[in-house]
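I've put the structures underneath this note.
The same subunit A turns up in both complexes below, where it pairs with subunit B and then with subunit C.
For the complex of A and B:
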């Protein structure tokens, strides 16, 4: 089982596909859960402590907007923890909870920079079945090519 | 507001099936006799409880129609006042738009998973390319 970081980091489809093919998705949801359920400062909507901006500084310089650094405090350790990655480009909904285009660019850049297997695909458009098939087939084959257990991965 | 219980898990079960209705999934969960809380929503259900119980129940639900029921973890508990619309004055909750966007794609993703299981061959897909700037210029000038 390999830890696979997904981008968009809160994607239902990617999280499901990674788990379906026997790996562990590294997704935003579980990090948010850790964040809100750890006993610390109670500052809704998230427990932000003084440590978080410092963690963000590891990934983005001090001149970078605070929002990017704050987001990278969560996303950065996810990328460090990953052993493989799936990036889906052309996501029309990479805003809202996903927040900020600069964070998204930095996230994709840092995933690509890691020395690990990375798959890049495009979201299928509308109800185009052939594009959806290509999307699923590529992700399935990529996930099947990853080692199933730790020992296999080290070999 | 910190819950402090790290072994509590919340999962969103999204149903995009022709044969299984959200109410069927909810009944399956009710029948499981485990100590979990469920909330029916417009796209499926949310299941909260001890990690093992939630994983077991969700697996049973997914097995109803494996390629057309999708699951992801959720950070907040159902009804958490930091996310719940009732305490935020209405409007979509954060994250809803993205979920809705992906839910619209699920029928084709489900069909693609069926095809993958059948080992159906993949046809060559012609990718639509963005319009070339030179071609656009030619088009504009041709109408002047």
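For the complex of A and C:
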């Protein structure tokens, strides 16, 4: 089992696929859940405080807007933690979306820079069922190719 | 390359031509005998560079920047330095600029600087940076010097204080430190004190080096053999005084008016940043804090280490608001110790937020400049970065020592 970061980072479908093939998805939902359930922090709705954009400075310079850095404070460590990645390009908003084009650019870049297996696939367009099957097939094959356990991963 | 060669600097920008600053860029390059060149690229590469490089930037000119940076790294462009620049306040450009700077630094040994401009950016603003860039390209042999030889002197004409040292065979034998009032007079006074302490005459000095804001004026007055900006001089001086000349180091210099963060490898600066948004992130703020607390600046550090910064909310992002929060906290009954600690922490926090993001912090971290003597400052920096901060002996004389060291390269025999 390896930790797989998904892009879009909050895609339920991708997260589910990763889990089905026995790996651990690294997804935004889990991190947001941690944020909002942190007791003693009162910064609704997401419990992101002024400290978070400062933490995001590790990933984006001070000139980059606070909203990007606040998002990167969550996404950046997810990328650092990943052992593999799946990037789905050109997907519709309903498939998953970070809501910020700049964060999207930086997130994809940082995933690509990591020395780890990364699959990039385009989201199937139109109603072509074959394309959709091919899309899922590529992801499935990629997930199957990843090590099943820690030892295999090291080897 | 020889010292007299024109330094070819690759301009990697997303449209300085449209921002009304291009003339200034050309002007600053000319003043340091450099030439700005646009790296040639294969036009067809622009279609895929977003995917190839990894950032699918919406702006085509940012893609052009990536293609040009890649041309530099792959050796298609024959250049000695790189200047990456984009508009201030453009988020996408800030992301691309930062990643390109890291990319060039990682995959080549070509010195690189980055800057975000507004239409008000002038050649003078960029002077020190561009001078440092060309020095690193042109004077690597001089920067490789590890020992001071002969009898040399260094004068650092800073914005707040002027420092001078006389050195002989790797030892400081005399020093002088005076407030800067009139540039030449203050330099003369500091230099005289250093000469007196060393017990030597000015005519015995084999070479003089000058640095700091008043370097040109002072250099001309004392017929200095080396007139050099503070980035290269101070980084050299820092690793020399800290005895960390080999391998990586990070130098932070908190000066009276601005501050510098410099990533150094074998004593030669790689990436560096200068400035800060406001004087709030400089020694000036600490000076004003000391005055408001009614203590001498030399006593502020001892006061700060006794205080708890967490007890006072202070932000020196702007020096005016910084002083305001200082006054407010005192009015609310905060102790001078807590206020002093908060002021030190605030300055360090600004440096962390504004500048340390732009250089890769690699240990050892060497803190220099007058502010390094204020004990609360290295303590706050160490707490913030969670690493040990090294303050070398004579850290306040850094520019003068670096100048004397480098000037000894001009001593014959």
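Structure notes:
Please note the rule applied: the second predicted complex is superposed on the first by the 147 of 155 C-alpha atoms of A that agree within 3 Å, B and C clash if a C-alpha of one lies under 4 Å from a C-alpha of the other, contacts with A are read in each partner's own complex, and residues count from 1 in each chain.
The rule we apply is simple: contacts are C-beta pairs under 8 Å (C-beta built on N, C-alpha and C of every residue); 3 or more make two chains touch, one makes a residue touch a chain.
As the structure is a prediction and not an experimental result, all values here were calculated from the model.
Upon superposition of the two complexes on subunit A, no clash is found between subunit B and subunit C, which fit side by side. Once chain A of one complex is fitted onto chain A of the other, the partner contacts of A:112 are limited to subunit C, with no touch recorded for subunit B. Of the two partner chains placed around the shared chain by superposition, subunit B is the only one that A:37 touches, whereas subunit C remains out of contact. Within the superposed three-chain model, A:101 lies in touch with subunit C and out of touch with subunit B [touch as defined at top]. In the overlay built on the shared chain, the residue A:61 is in contact with subunit C alone; subunit B does not reach it. A count of residues in subunit A touched by subunit B and by subunit C gives the higher number to B.
Minimum C-alpha separation, subunit B to subunit C, in the superposed model: 12 Å.
Listing the residues of subunit A that touch subunit C in their complex gives 54, 57-58, 60-65, 68, 101-102, 105-106, 108-109, 112-113. Residue ranges of subunit C in contact with subunit A, taken from their complex: 54-58, 88-89, 91-92, 94-95, 97-99, 116, 352-354, 357-358. Subunit B makes touch with subunit A in their complex at residues 1-6, 8, 10, 12, 14, 70-76, 80, 82-83, 94-95, 97-99, 101-103, 105-109, 111-113, 115-116, 120, 122-123, 125, 127-128.
Considering their complex, residues 8, 10-13, 15-16, 19, 27-40, 42, 44-45, 47, 92-93, 96-98, 122-125, 127-137, 140 of subunit A touch subunit B.
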